[in-house]
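Next come two complexes, and both contain chain A; in the first it sits with chain B, in the second with chain C.
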Partner chain A sequence: MSEDVVISTHDLTKFYGRTPVVDRLNLQVPAHQITAFLGRNGAGKSTTIKMLLGITYPTSGMGTVLGKQILDAAQNREARCDVAYVAEDKQLYPYMTVEQLVRFAKSFYSTWRPDVESRLLRQFELPPTRKVRALSKGMRGKLALLLALSRRPSLLILDEPSEGLDPVGIEELLQELMTASADGVTIFFSSHQIAEVERIADRACIIDRGKLRMNISMEEMRQRCRRITIAFQGDPPDRAFNFPGVRRVRTDGRQTVLLAEENVDALIELARREGAAQVEVDPVSLRELFLETVKEGHDALV
Partner chain B sequence: MIFKVNPAVGQPLYIQLIQQIRHAIETGLLVDGETLPAIRSLAAELVVSPNTIVKAYSELEHEGLLELRHGSGVYVSAKRRVKSRADLVRAAQLKVRKAIENLRDEGFSDEEIHRMVEAELFYASRAGRNA
Partner chain C sequence: MLWYKAWLETRWRFLLCLGGLVFCCGFFVLAEGTGENFKRLPSWAFTPRQARELLFRAHQGLVALFPIAAILLGMGGMLREKATGVASFTLGLPVSRTRLMLSRIGMGALQTLLLSLAPWIAMLAVVYFYLRQPVSVAFSSSLLLALISGGLLLFSMAVLVSCVVEGEYTAPVAAFGIFVVNIYGTVLFDSLREWNVIRFMRLQEYVDRGTWTIKPALPLGGIAVAFALTILLALLSTVAVERRDF
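After this line comes the complex of A and B, so read on.
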């Protein structure tokens, strides 16, 4: 495998009954980056993550994590030594106290960092003698993050990490993720908090109904994606803008709105040649791209 | 020095950062020898990917505006060539400000002005390339 790819799947598929939850997913996650895994509820995010970690067995297809086959139990175990995972439900062990759980987790890892542990215990204000069961959802999330970061993994996988956290907690979480990333940890996290993804991610992968719909660098998106609003004096020309790089064409009265991933310059020129009265160019947000991508998929169903 | 990045603007974050640092150097806000925050602390402060900071810093290092000393920090290296540019930048700033003021006087909103500038920049870069 390439050293630069930490997660790679090939036609990874999972059926629950007769429904494909993950449907021939081909996903590549580069090393040393922050990759967001975006999708609606039930799009297949958690199932994909569980297959990568050997928690759920795929129906078909294959994949590697840190170069180790996920279908091979021994290899998968090896990979998991270097992968930390913060689960969506953050169950942990309800009958242990914070202190006990930290001591318990630490005994498994030779790479444990006491400095990170004590810094985060203080910063997250976790009460050492309280039982996990008595912690709030937010506190359990922080504890799970502490356990994951204190291990110094090479890959950190988080399933909806900010869910249940208040705004201050989210900020703390994101700052810790940035620090870990600066220390060389590759981060792969699922989310539907588009605003936070837009801020921190190097790359966004959009999954919808089990399929990967988009895998885009955020900086490329900012650089290249544009919404072009073209106003005409009369009726807009038909089909003129079915052009490579145009993700969507929408016509509303005398206005045509294009969502373009590339060829913006050529499209502006084309608009002028078609007699546009006015051309406006705006940046496209991840939210807009996400909605278009997900909607497009559902249109295709009809 | 406080930097800020806006993910909603159609411009890569590392370029926003580069422009702010370059601008601060050109206008004398950052002077030769001054230090900038380390990658990990700036990433945590701005809550952006460290790769964004790395990319901005290394590009500025390539331009000779920053010096990255391993383990010790990030230093501004504002050579004389930059200082002579400071006046040009100030003059240009004034022109832009005047143009914006004129458009506002004519009743255009800031958002409209913003869009016009963006469309014009695209158009100009296309025309330039074809020339």
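After this line comes the complex of A and C, so read on.
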């Protein structure tokens, strides 16, 4: 396995009963980048993350986190020494105070950074003597982030980190993630919030119905992916645009809209040959790409 | 720190049970020792034999209350954490599930031990300091040993149930149900009466009612079986948690 890949899965599958929640997932997450894991509710994001951390066991397939096998309990435990994880609901022990919880978490990591701990305690205005059960969801989320960042992980995995945070909290979260990334921490986070992803992610992986539909760098997406709107004077030609690199073809009256990730010039040329009256080429946003991907469930770019 | 977590998680249940059992047993010995049954005796006539009778009767009451305490201590654990959403945080820590279970079972076993010892210490203190009677170590320790071994068995049964049955109230109710089935099942079927956990903890058949001393043959085999079953149930609980998805 390449040293530059921190998460790698091979045909990772999880069934709940007869339903495949994660279906032969082949995922590669590069090191030193912020990778977003996008998908609708129930797409399999949280289950994938739980399998990576040994919280849930795969039905079949395999994977590695920081080069350690996820199916081997001892190796998985070793990997968790270098991985910080913030779960979706951010629940923490309600019977502990903030101070007790920090002391508890600190005891498991030799790389704990007291400077980060005190800075974030101040910044997030977390009252040390307050019980966790008395914290709001947003405050609990901040405490979970503090616990994750203070341990100086190689890999930070966050499941819906902005859930429950107010706009100021989201801004603080994004800033902290960017700072951590600049310090060399690899970040893998699941989200529904496309705007956040577009702002900080270097790469986006889209999962739908348990299958990986797309794994693309944001830079690549900006450079390669285009929406081509072709207007015809008569009826658009049938199946003419089933072309390599075309992700989606939608025809509406005399207009055909293509979502292409490569061969854009060749497609424009083809459109002209087919008698296009007008051809418009626009960049594609991640939102559009995401919506197109999860709507149709096309297998491409993987 | 896992032990610290286990302590914080269970301390109120433990302290409540501790306070309740110590108060009930201490008060019973005090009230009975100075009450109707004994007060007609002049103080010089209150004999060590009567002190042992008093302790034995208090032990019967303690045994009746103890299963509730043991089942309360067995509540919680990873399935409860799963229900409240904390399991992901716990399992994200770089520790094995076995270690998580060992700290929980270890803390619970220690608390069960203290719940057995503390009421007995209170009862013996009342007998020794207030009723001014010598304490029979052999008699007290035999009853205590039966209480500890039966108590640990009930605790580990409650832990196992909490590892396989989900639901905050379902698990203790199921554990209590198993306890009730044990009592009534062993009463209904005579061949099973040796397996009645309450009968085993009470030691009624091992006490000479004339002298209020333990008969020579203390059920050491039964005590050994109870300890072995405790370990087996604890291991099964650990295996159940090891294999489970959270």
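Rule of thumb we're sticking to: the second predicted complex is superposed on the first by the 297 of 302 C-alpha atoms of A that agree within 3 Å, B and C clash if a C-alpha of one lies under 4 Å from a C-alpha of the other, contacts with A are read in each partner's own complex, and residues count from 1 in each chain.
Throughout what follows, a contact is a pair of C-beta atoms (placed from the backbone, for glycine too) under 8 Å apart; a residue touches a chain by one contact, two chains touch by 3 or more.
Model, not experiment: these values are computed from the prediction.
Trainee: In the superposed model on chain A, is it clash or fit for chain B and chain C?
Mentor: fit
Trainee: Report for A:174: first if it touches chain B alone, second if chain C alone, otherwise both or neither.
Mentor: The first partner, chain B, only.
Trainee: In the superposed arrangement, which partner chain does A:92 touch: chain B (first), chain C (second), both, or neither?
Mentor: Second partner only, chain C.
Trainee: Mind checking the angle chain B, chain A, chain C on Cα centres after superposing, to the nearest 10 degrees?
Mentor: After fitting both complexes on chain A, the angle is 150 degrees.
Trainee: Once both structures are aligned on chain A, how many angstrom separate the closest C-alpha atoms of chain B and chain C?
Mentor: 26
Trainee: List the residues on chain A that touch chain B in their complex, please.
Mentor: 32-34, 171, 174-176, 178-179, 181-183, 195, 198-202, 218-220, 222-223, 225-226, 264-266, 268-269, 279-286
Trainee: Which residues of chain B touch chain A in their complex?
Mentor: Going by the criterion above, the answer is residues 7-14, 39-40, 43-45, 47-52, 115, 118-119, 122-123, 125-126, 129.
Trainee: Touching residues of chain C toward chain A in the complex: what are they?
Mentor: 1, 4-5, 8-9, 84-89, 91-97, 242-243, 245-246
Trainee: Which residues of chain A touch chain C in the complex?
Mentor: Interface residues on chain A, with respect to chain C: 50, 53-57, 73-74, 77-78, 80-81, 83-85, 87-89, 91-96, 100, 103-105, 107-109, 144.
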